[in-house]
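Each of the two complexes below includes chain A, the first together with chain B, the second together with chain C.
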Partner chain A sequence: MTAIKSSATPKPRKATAPVWGPVIFLLLPFLAVYVAFFIWPAIQTIVLSLTNSGLTETGAFVGLTNFKTLMADASFWDSLRHTAYFSLLTVIPLTAVGMMLAMLTKAGGRLRQFAQAVFFIPYVLPVSVATLIWQWVLNPSLGVVNAVTGSETAWFSDPALAMPAVAAVTIWWTVGFNMLLFLAGLQNIPQDVYEAASLDGAQGFQVFRYITWPSLWPTTTLVLTLQLVASFKIFSQVYLLTGGGPFDSTRVVLVYMYNTAFTDTNAGYASAIAVAFFIAILLLTLVQNFLLSRTRS
Partner chain B sequence: MKRTLIGLTLLTASALATSASAQTTITFWDLLGGGDGARMQQIVDGFNKSQTAFKVQRTTLAWGVPYYTKVRTSSAVGQGPDVAILHLSRLSGWADAKILRPIAPAELSGVGMKSSGFFPKLWSASNYKGQNYAIPLDTHPMVLYYNKDVLAKAGLMGANGMPKSLNSLASFEAAMAAVKKTGALPVSFETGPNAYMPWRLWLALIGQQGGSIIENNKLTYGKLGASTLTTISNWGKNGYVGKNVDYPTSVAQFVNGKAAFMLNGAWEVPTLVDGAKSGKIKFGYGVMPLPKLYATQNTWGDSHAFVIPNNVGKPIAGDKLKGAMQFLAYANKNAMIWASGGLVPANLSVANSAAYKSMKPNSDYAAVAAQNVTYDPLGWYSGAAGPLEAASAKYFPAAMNGQLPVDRAMGLFETEAKKLLTATPKP
Partner chain C sequence: MIAARQSVWMVVLGVITLGLLVALWAAPLLWALITSLKPELQAAAQPIVWLPSPATFDNFTSVLTTGNLPRWYANSVTSSIIITVVTLILSAMAAYAFSQLTFPGRNLLFWFALAGFMLPFEALLVPLYKLMNNLGAINTLAGIILPQLISPIAVFVFRQFFDQIPKEFREAAVVDGATELRIMWSIFVPLSANIIWALGIVTFIGAWNNFLWPFIVTNSPEQMTLPVGLTQVQSAYGLKYAQTMAVAILGGLPVILAYLAFQRRVTEGFLSASGLKG
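Right after this comes the complex of A and B.
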């Protein structure tokens, strides 16, 4: 940049203006994949949601009929409630635990790297492995938890416990990533701020309240936003651990969509669920961003 | 020297290539992941060795919705297999949606098969609106497994090596109560969330009382629905079956000798035969048809069959069809291998052969159970892992586990069932 500015050209800005040829050329591979595998299927889903299509045959155009049915569909509203419940059980706990683990392991001295690795390893596991581990650990008759506690609780089969159990597995599985984001955030807080604070007599919780918390706020909002979207998109853990049961008590929106598309072979209606859910997540993220940016200023 | 080597390699390679291209590959998909899968592999290997013109390439996919989704969607775009396994309980829906290619009588007779070679019930289930769509392979009924040692301790073994007088609901429930007093589990049975087994038992017992499930898209079981679900839910309440038992655990309970009975499909027979052979199973066991708890000895059952998917825009080529039919004929002729997996062969001459009749424990249940099989009702929503079974699997286990009152479970099932019954089938 400096070199360009100090050059003899009268209008240096012009030299940095994009040359469209190479830009398009370089963007093309990404754009092609993005359009072919995201934009085009998304458009197709919207089109499908306006038809009464089956799984393998495109049906007739039916306008907004699917959406009208959807608005009156108790199963859809139930699945939205279950999704919201799962998010309630995971978004704030995952953020809080991630932050705590980051602060704990940063203060961990010699064990620091070991502790960070231990907390991060579950995140590396594929979801099938993570859920299999917990199916064994929480198995009602053969699992280690019930063996140690002497309980006979069927964790994933009890309508009151199934969702909290899925949430607990999710926290164990994914918290490592949030911990990494918070560690990066902590690294960005200059050491001299802490030194100045301690000279001014700040101690213990005060340091956290007035230095760490506000300095970490951008990371916190990022984690909260990512987590909200991730929690709303819950599918695999529910599909693998409970299948949406017992009697639909953990059937979240995407499991309902999957069942509609693949068990009931009703692709038109399943697409309507997908489109409605996309709009819901979009609105929610916008509202959340608005609220978080307000609290920041 | 080097050049000769290269030349030789090229020669071998081209020789291999020609022999490979002379062989027509038949792709074959199934959902047989257990002991039955090992036996299917034996049949495939046997066929591939028996001739040189065709090579069957087998792929096993995950049982249930994943399998059926994959066969259906890939055939819709012309990427399906040449041959696939289908549950006959799904045939009416799939034939109606034109996912299957009809098999002409000439194609059948061309490889030496004829309709009279199969159990009539199975042959009619392989036909839809006057056309044949499948070559039936077996019947897999629900049967009753029993542990002789546990039953003897409860004083329930007869002199003939069979459980004493299981010929009414009252006598079966008395037997379960007697077992429970000894501290053993009376019946190992799948009751976990999304379990299909309660549906199968419910369907069998409604059949025993002369009822039916669905006729002309109407629920027809009447009061039998709730009363039968109450009966089996009471087994849960009384501790005769375990609560929230998932499928592998239900098998383990019996295999580990903890249960007096197991109500399950005949497909678990190889687990017991192999277990006894390897010494893992030390107790004496037996297998019998589902006892007559009401008026008849009806049981639930389904059948595996071979089908040729209707690959859209890419109908099966003549030579592939020839190879596929030869493979089906080979599998039918060698149904004895398949029968050793516990399932009752669809091939009449194999089922009536002296070799099959002396096969133990198969011959103890095969004839009676196969005669009394009740299939899932007809309809696009019906059949193995179909939407109707999926609806039952949400609520019936919950009733057995005491999580939902029977009336509520029945009501929730009926709401979903009626939605399916009134909906137009989606291709």
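Right after this comes the complex of A and C.
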């Protein structure tokens, strides 16, 4: 390396004025696609939310009418409540189960690696594969779960059970990813901390309470944050398993937005829902970060 | 003594719990596999028939030879490969500029590029659909691919990696008169083989599994990708449970095999994409 350097020094050093050619050549492709298919649509979402546009035709400017309607729209508030309910049923269970699976499969060994693979495989499946399988497993008359338990429960068409059933499928489908994050977190805890603790006579739950839990806390906050946003964005599982029913009991915000845009072809109003959805996610993340940073200190 | 006994119980309890959980997680997949190997009459039999007798691959051959499944496979393979390759190239080029070149506004542009990570894609669906409609890209491969080419996280990960490569590597090559693209291609890319693999596999799995956007932008069955097409199976193949499960197994098989073959790289890729590992 030094040889190359010294051979370079005799030449007069060019001033570090930027050479724009390569910069433009390297950045333009990314920025062009990024602006065209990310930034421009983001601006358009706001613009559309101020119009009464349809799905294919552009409508007139209507000011904040869509937002006024939205604030008084019981269906919208219901959909927010359903989304919150789904998040309640998934965020903490997915975090807790992910942590538990990581701790159970942490310590080497072929069997534990096999178990990790079993827990992670559902996560790499397309959502429609996961829902097809669960629709069959939970089929009311022919499904294996009802055959074993001798029940006739219609899991996805009972208003009281539909959302918990969707949440259960979601936990099965996605918990492997959280397990992965916790496994990485566990690896960062130095082994000698455990050894020191066991010399001090700490055992079982005490080790978890005083060593594992506090050391894992940064991972836990990361998982909670990612999971809350992911749960709030619930669409596909609900759409495929229940379609938002029965009696709209599982109609979450994005299903409501989808129906408004693509069934009622009301793009303007759907965009207002999208803007409200974005603001809700932003607020949620801010509040959560505030709460989690307080608990840490 | 007490400590030892307690820890033995802990281990036993842990193993039993783990065994039950593994069974619980594997059971739905196994049941789907068993169902797909049954003749249709056994799949829907009451009382339940536990094992296929005889096991048959008829469901697989019939869904692979009739209907649109082969088309969906082809569409998914094509779009996922293009998305993976183009995403990697775009991200690596941008990351190289952000990492190695100095120009005014560099940091500002970098944060602008990362800001896309904050935007929920779901909030962009309606204008994206209108845009694709105006471009005549509904029900086309281009329509499926175009909005999936941007990965702020890939730019971020590539940049972090390029930043660690000693500056002298590039400086020496510049003195030798190499162009920036050449330097990137023959010095930086070979050094980042690991990160390219990891990001590539994760991008591929993500593109293969993407449901929402292809579902919005396609409505003619011939143009659908596999995950979207699978939602049509009950109308395409009728209410045949054994065939439906054969379709589900075939839909999941490529990603399961990819995961099992590249397990460590998949894990690394997901971790680096979540920002936990550089």
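Brief remarks follow.
Methods note: the second predicted complex is superposed on the first by the 260 of 297 C-alpha atoms of A that agree within 3 Å, B and C clash if a C-alpha of one lies under 4 Å from a C-alpha of the other, contacts with A are read in each partner's own complex, and residues count from 1 in each chain.
Convention: a residue touches a chain if its C-beta (ideal position, glycine included) is under 8 Å from a C-beta of that chain, and two chains touch if they have at least 3 such contacts.
Only a predicted model underlies this, so the values are computations on that prediction, with no experimental measurement involved.
Of the two partner chains placed by superposition, A:213 touches none, neither chain B nor chain C. By the touch criterion defined above, A:275 lies against chain C but remains apart from chain B after alignment on the C-alpha atoms of chain A. Taking chain A as the reference, the larger set of touched residues comes from C, when chain B and chain C are compared.
Once the two complexes are laid over each other on the shared chain, residue contacts for A:267 go to chain B and to chain C alike. In the superposition on chain A, A:140 makes contact with chain B only, while chain C stays out of contact range. In the superposed model, A:247 lies in contact with chain B only, and not with chain C.
When the two complexes are overlaid on their common chain A, residue A:25 makes contact with chain C while staying clear of chain B. Legend: residue contacts after superposition of the two complexes on their common chain; A:61 is shown touching neither chain B nor chain C.
In the superposition on chain A, A:77 makes contact with neither chain B nor chain C.
Touching of chain A by both chain B and chain C, each in its own complex, is seen for residues 53, 55-56, 139, 141-142, 262, 267. Those residues of chain C that touch chain A in the complex are listed here as 3, 6-7, 10, 14, 17-18, 21-22, 25-26, 28-29, 31-32, 35, 44, 46-48, 89-91, 93-94, 96-98, 101-104, 109, 113, 116, 119-120, 122-131, 133, 146-147, 149-150, 155, 166, 168, 171-172, 175, 179-181, 184, 205, 208-209, 211-212, 215-216, 226-228, 230-231, 233, 241, 244-245, 247-248, 251-252, 255-256, 258-260, 263, 266-267, 270-271, 274, 276-277. On the side of chain A, the complex with chain C involves touching residues 1, 4-5, 7-8, 11, 16, 18-20, 22-23, 25-27, 29-31, 33-34, 36-42, 44-45, 48, 53, 55-56, 101, 104-105, 112, 114-115, 117-122, 124-129, 132-134, 136-137, 139, 141-142, 144, 147, 172, 177, 180-181, 184-185, 201, 203-204, 222, 226, 229, 233, 235-236, 240, 254, 257-258, 261-262, 267, 270-271, 274-275, 277-278, 281. Considering their complex, residues 52-57, 59, 139-142, 154, 156-159, 162, 242-248, 259, 262-268 of chain A touch chain B. Only residues 65, 69, 72-73, 75-76, 97, 99, 192-194, 242-245, 249, 385-387, 390, 394-395, 397-398, 401, 403-404, 409, 412, 420, 423, 425-427 of chain B touch chain A when the two sit together in their complex.
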